[in-house]
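Each of the next two complexes has chain A plus one more chain, namely chain B in the first and chain C in the second.
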Partner chain A sequence: MRIKEKKGSETMVVGKSVNRVDAVDKASGRTKYTDDLCGKNALIAKIKHSTIANGVVRSIDITKALAIPGVVKIVTCFDVPEYYFPTAGHPWSTDPGHQDVADRLLLAKRVRYYGDDVAAVVAENEVAAMEAVRAIQVEYEEYPFVLDVQEAMKEDAPQLHEDYPNNVLAHTDIRKGDFQEAIKEEGLIKVEGWYETPTVQHCHIENFICFTYEENGRLVVVSSTQIPHIVRRIVGQALGMDWGKIRLIKPYIGGGFGNKQDALYEPLCAYLCTQVGGRLVKLDVSREETFVNTRVRHAIRSHIVTYVRPNGDIVANKLEAFSNQGAYASHGHGIVAKGMGAFPQLYPCDNVEADCYTVFTNRSVAGAMRGYGIPQAMFAVESHTDEIAKAVGMTPIEFRRKNLMPLGYEDGFSKNKLYADTFNQCMDKGMAYMDYERKYKEYQNQTGDIRRGIGMAVFWYNTAVWPISLESSSCRMILNQDGSVQIQLGETEIGQGADTAYAQMAADAIGISFEQVHTVSCQDTDITPFGTGAYASRQTYVAGFSIIKTATELKDKILEAAHELTRMPVANLDIEEGKIVRTSDGETLMTLAELSTTKLYSLEHSQHITAETTAQIKSNAYSFGCCFAEVEVDIPMCKVKLLNIINVHDCGRIINPALAKGQVEGGMSMGIGYALSERLIYDEKTGKALNNNLLDYKLSTFMDHPHLEAQFVENYEPTSPYGTKALGEPPVCPVAPAIRNAVLQATGVSVNEIPMTPHVLFREFEKANLF
Partner chain B sequence: MHETQYKLVSCTINGEKRQTMVDVRASLTDMLRNDYSLTSVKKGCEVGECGACNVIIDGECYNSCIYLAVWADGKNIRTLEGLMGPGGELSDIQQAFVDEAAIQCGFCSPGFIMTAVEILESGKEYTDEELRKLLSGHLCRCTGYENILKAVKKTMYKRLGKTE
Partner chain C sequence: MYDMKALYEAKSVEDTIALLQKHPEAQIIAGGSDVLVQMREGKRAGAELVSIYGIDALRGVTMEEDGMIRIGSLTSFSHITKDPIIQKYINVLGEAVDMVGGPQIRNIGTIGGNTCNGVTSADSASTLHAWDAIVELTGPEGIRKLPIKEFYLKAGVVDLRPAEIQTAILIPKEAYEGYKGHYIKYAMRNAMDIATTGCSVNVKLSEDKKTMEDVRIAYGVAGPVPMRAPSAEAVAKGQTVTTEHVEAFGKAVLTDIKARTSWRATKEFREHIAVELAKRALTEAIRLAGGEI
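Moving on, here comes the complex of A and B:
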């Protein structure tokens, strides 16, 4: 079935900016998040974190801590079961070769970063729990530690994990053509650069939180997660329990951005519950812990060497990327590998050598974060692209128009294809909004202390994870007596507006109004059909498949029932605006409410009309876009002021324009922070994070950016039943290099490190003799 | 070990006179959430950095996480729960947050809306720059603040009887 635009029909809701289905409750304070649902009788769990960055726990003395009134139980790293488990929120693979690295225990004897979890306290209240945490005495044998990714690869570097020599978790490469032979061509210009991106954090406003209790011999875990079905599996693995004995419930969550695409402390909380007789245990981590002990974005250092002809032809391209994994594998190599995968596709070239390394260091664990390696890769590649353009005397736009992925380009692995001239369309829109040509000319060759510049960057992003991993979405629809429909999916609402998009897609697919669709927001693994959750900007795309498939089945059942009740042939029946319509003459035969009620209570043939299907998706789609930024640089103050910014996206057909714009604006804000202010800093002497709070870690505030302009190019994506594709993560991808390239135009200085704080700019401006 | 001390706190919450015994160390956030189930008061940092716990005390916005519950004695406190009309109707600023798509995950929204209430009740007209500054005590990671500004501006002009 394909959703056809009915001529003159005002009832189709896909493509309309309807209000979010959850907005009224969220605006009135009724929406319940994890903490709001937890019983007041909960025991409180708190974690004892290591005060060394690398070493082993020799002993733990809990005598004093146990004596504190209100303390119920203390568990140390010497007590926990030896079930090694992975934490990454990937679909499980039944092939051991594709399974995530299982390198975690509930608590760590072998400490690998400053803040590692060595013991946990369960107490009657938070104050007693915290006092007990402070009273626990830990004796360590301390080892030297390493924070820098390339230092960690050296022969004499401290080793984190036994099975990974030189701390290399993984190294993969791409070889195409013959780089060494190609660069022998005479007259080539060599452009080389090192590009550095920082460790940053998701900073969802709701910290991670979960609680667990035992019910009917099973563990019920309520968690602020993006991936309930995956976390259930991981809790089972970590505790050595049958997965069916775990029930995972995901209520509304206060943002995730990838951090909650990982099993964070659910396994520990569940284990602690088992240690106190199945009583309710709440594990609520602080903001400071969220920064250090959940996940961060991989800091990646990239080295790119390009050989180019004076006319701008790219002859040979080489990339080395070093990804800082931190202490444990989590999502591991997937991040830098995704970035590397983008490299030969964005600017196709016959001769490519690319190597990427994911390396353990004694930093916070890096995992998934909005963009999954592409913001890092785009900072490197798109900064470098401006350097190449400069070297051959072309404008950034000319060079890109000449070399970007051409129309019709198809990736052999993912089968992704560029179906429309989208890059040029996006750039044209961005240029028109910014008055780019005029400003670009005006800002060339400036002098003086205050200078302006305009820059841009492009990106592409995969939708969903096929063919790397399983793509599957399940959907259930239940027809109510009043003709309305409940819809349930394993794909989660995490703030992006997924529930609303599902309701819109379902309404059109069934033939009922948007108001007649009730999206069940909460995922409960006992009752929600299987789905892997919110990540990889997959949900609207993959849910489209399962919604269409389920709606088709539901509709078939409804029309069969209509046939039974009206004796009209199914072939002549359809559902329009919640009514059974005879298509031959347009006559309304009955409402869906009449049909549903009659069928449900029929004494002859009672029927509860429901449908449930699973769609496996064996396709993927390129999502595209660009960012243009205009800056003013105060050279003596080493400050960048962002004056204007626009993102233009081609995410296929837009399901809800207002929500799509909201996604883009939020991503741009995150990208601005990435470019200019955000960085988690580690003390070189101790390995301790120094700014793990929202005062010292500078995420964008209301004052930190100008108006954010979001525009779209809508090219129908042929692989999606709704013509749609990724938008959740893409907006963050091109922002930092666009701002960096604007600074380059303003000052002539190549700043190859973000965030471009005054500290970094001072060093770079001084090197360039700007003072 | 010191004995836990309790104190009776009497105050007006969303128009009703209330009183309860609180641990003298408890924050106003704790009291509002735990004793009165006013769960719109969110905890995002508990040190006054994110603004999610913002409530109005005697007409002025405070981060309730760094305001002791005992200080609330005799005060008039308003939370998001108090904005809705008796028939469940949203106030203009709440409706504007809905209509302008100013809400995504919704976790920062209660705090933002209460600051918006303070701004709107001043009866003054502010420029965009002034509004940005007045709202800058709140962090939001979802929206980029764009639609929040729109919602506040729209309601401000509406209340002032002006068009933008």
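Moving on, here comes the complex of A and C:
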């Protein structure tokens, strides 16, 4: 079944900016998050973190800490069970070769980063817990440590994990054509660059938090997570428990951006609960810990060499990318590999050599973060693309129009296909909004202290994880006596508006109003049908399949019941606006409320009308777009002021324009911070994070943003039942290179490192003799 | 949850002194935007606090008979920014404290706390140094007044004696009459930040607006405590209003400031910015004073 624009389509809710289903509660402060749900009698858990970056724990003395009034239990790295577990929020694979690396224990004897978890305290209150943490004495044997990704690959570098020589977690490559042969062509221009992206953090408003209690021999874990069903599995693996004995509940969460697409401290919290007789234990981490001890974005260093003809033909392209994994595998190689995968597709070229490496270092653990390797890759590729355009004397737009992935392009592996002329359409919209042509000419060859520039970048993205991993979505619908429907899905609401989009899609699919659909927001693994959660910008896309499938089943049952009650043939019945309608003459036969109530309480044939299905999705969809940015650079002050910015996206048909716009604005904001100010800094002498707080880590504020313009090109995506595709992560992907290219136009200086802070600009402007 | 041993609420200045004498280990808390942050970090875990926040007598801006501007130490940043006396005579102070943190901090944070905290980055401190402010302290022995330069002893330490509290900041008439000033906060973002460097300049022009009769410049984060740049002041004083003289003034600050490399910024970068800020702040102060440049 496909939802068609049928007669009376003004009643269709997909495509309309209806209010979020959770808007009023969130705006009025009524929404309950994890901490709001935790009993006030909870014991408080706090973690003792290592004060060395690499080494082993020799001994831990807890005598003093145990004597502090209120301390209930202290567990050290010498006490925890030896069940190694993986943390990445990927669907499990039954093929051991595709399983995530299981390199974590609940607490670490072998310390691999400054801040690693060596002991945990459970106390009656936070003050006692913190005092106990300070009182625990740890003796270490310290090893040398390494923070830089390429330093870590050297023969004499400190080794983090025995099984990974030279600290290389993984190395994969792409070979196409013959790079070495192709570059022998005469008259080619070589363009080469190194591009550096920083370690940054998600900075979701709600820090990570969870609590656990025991009930009837099972553990109930309530957690601020994006992936409840996955975390249930990981808690089971980490504690050596049967997965069915764990119940994971995910309430509303204050953002995740990928950080909560990982098992964070749920396994430890669950274990601590078992160590205090199953009493309620809360583990609420601070902002400082969120920066250091949860996950960060992979810092990636890329080296690109391109050979072009003077007319702008790309003849050969080479990429080496080095991804800084930090101390443990988490999502690991998937991030840089995704970026490498985009490389030969975005600007197709016959001769490609690409190698990517994921390397352990003694930094905080890198995991999933909005964009999953693509913001890093786009900074490198789109900065480099402007350098090529400059080298061959073409404008950035001319070069891209000539070389970008053409209409009809199909990727052999994913079977993704570019069904529309997306790039040109998006660039046209961006150029029109910015008055690009005029400004580009006006800003060429400026002098003086204050200069303006305009820049742009495109991005490659796809939707969901097929064919790398399993894609499945399950949905349950329950018809209430009043004709309304409860809908449940495993794909989670994490602030992006998924619950609202589901209600819109379900309303149209069943034939009832938006108000008559009640999305059950909370996922509870005891109750919610299986789904892997929120990640990969997949929720609306994959949920669309299971919503359609389940709605079809529900509708079949409803119409069968209507036939029973009216004796009219199913073929002549439909549901419109919550009523059973005879299609032959348009006559309303009964309301859904009448049908539902009659059937439920029928003494002849009582029926509780529900439907539940699982859809496996074996497709994926490109989701492309671009960003244009206009800047003013104050050269003596080493500052970039962003004057104007626009993102244009083709995410297929838009389910809710207002929510779509919100997604884009949020992503642009994250991209601005990535471009100009955000960077987690580590002390070279100790390996300690120096700015793990929101004062010293320069998350951009709205005083640092101009108006954020979001526009769309809506090309119906044929692989989706609703014509839609990814929009959660894409907005962050093109922003940093667009701003960087605007700075290039303004100053003529190629800044190949982000964030382009005043410190970096000072160094680069000095090198370029601009002072 | 704060690790706090006790909280004593003072009703008056005398009461504060008595409480501090009774609890010599206690820390004074006003708005709490520094003290509570330090407690949360564990630096003052288990502290006893004497709260002076309820002493309304310490709030407000007044002008005394001799033209001295008196700012009660509990006056909040947002109050200072909106105060008509400040706006009329030393508007730059209102502008400077309007760059502290965000709106919530500016509503709770006080100028007394900002200076008693003793940090070099305080947005009020460089401007108060530039205006030759006087700090009024009240203790068991009575009131003493000292130039703000002498109040700052070293990083994080000010000249507060046992059981003494700061009760006002005073700006004498001769320090502001005829002067116009400008403050530039140089930070890594436009809100919710502390200064990488802050520079406050004020200038008094001759009647024909062609000569700089007096120039005063002070920095935050150019040394361990807020500081003046006397060499630069001497270079500019008595000179005509020209870009060359502004340029020379800017270069001269390098003989005064003590920039150092830390993870936050390199010495070279700090010096480069300090020179640029001096030039820009002086240029703007001249413009505000009616000069043309």
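Everything below uses one rule, namely that the second predicted complex is superposed on the first by the 769 of 771 C-alpha atoms of A that agree within 3 Å, B and C clash if a C-alpha of one lies under 4 Å from a C-alpha of the other, contacts with A are read in each partner's own complex, and residues count from 1 in each chain.
In this section, contacts are C-beta pairs under 8 Å (C-beta built on N, C-alpha and C of every residue); 3 or more make two chains touch, one makes a residue touch a chain.
Small disclaimer: the values here were computed from a predicted structure and weren't measured.
Is A:Leu603 contacted by the first partner chain B, the second partner chain C, both or neither?
A:Leu603: touches no partner chain.
Let me test your reading of the model: by the given contact rule, A:Lys661 touches which partner, first (chain B), second (chain C), both or neither?
First partner only.
Is A:Gly254 in contact with chain B, with chain C, with both, or with neither (first, second, both, neither)?
first
Using the superposition on chain A described above, determine whether A:Met703 touches chain B (first), chain C (second), both, or neither.
Touch partners of A:Met703: chain B and chain C.
Which of the two partners, first being chain B and second being chain C, lies in contact with A:Gly495: first, second, both, or neither?
first
On the A-aligned overlay, A:Phe762 touches which partner chain: chain B = first, chain C = second, or both, or neither?
Second partner only, chain C.
Look at A:Arg134 in the shared chain and tell me whether it touches chain B only, chain C only, both, or neither; answer first, second, both or neither.
second
Thinking of the overlay built on chain A, is A:His204 touched by chain B (first), by chain C (second), by both, or by neither?
After superposing on A, A:His204 lies in contact with chain B but is clear of chain C.
Regarding the shared-chain residue A:Ile681, is it in contact with chain B (first), chain C (second), both, or neither?
A:Ile681: touches chain C, not chain B.
Can you give me the overlap between the chain B contact set and the chain C contact set on chain A?
Correct list for chain A: 127, 694-695, 700-703.
State the interface residues of chain C toward chain A in the complex, per the touch definition above.
Listed in rising order, the residues of chain C that touch chain A are 1, 3, 42, 45, 186, 188-194, 196, 263-266, 268-269, 272-273, 276.
Mind pulling up the chain B residues that touch chain A in the complex?
1, 25, 33-34, 38-40, 42-47, 49-50, 52, 79-81, 83-84, 90, 94-95, 97-99, 101, 103-110, 113, 132-133, 135-136, 138-149
Over in the complex, which chain A residues touch chain C? Could you list them?
The touching residues are 125-127, 130-131, 134, 636-638, 677, 681, 683, 690-691, 694-696, 698, 700-704, 757-759, 762, 771.
Once bound in the complex, which stretches of chain A touch chain B?
Against chain B, the touching part of chain A is residues 17, 19-20, 22-24, 26-29, 31-33, 35-36, 40, 68-69, 127, 202-207, 252-255, 257, 286-287, 494-497, 658-659, 661-662, 665-670, 693-695, 699-703, 705, 707-708.
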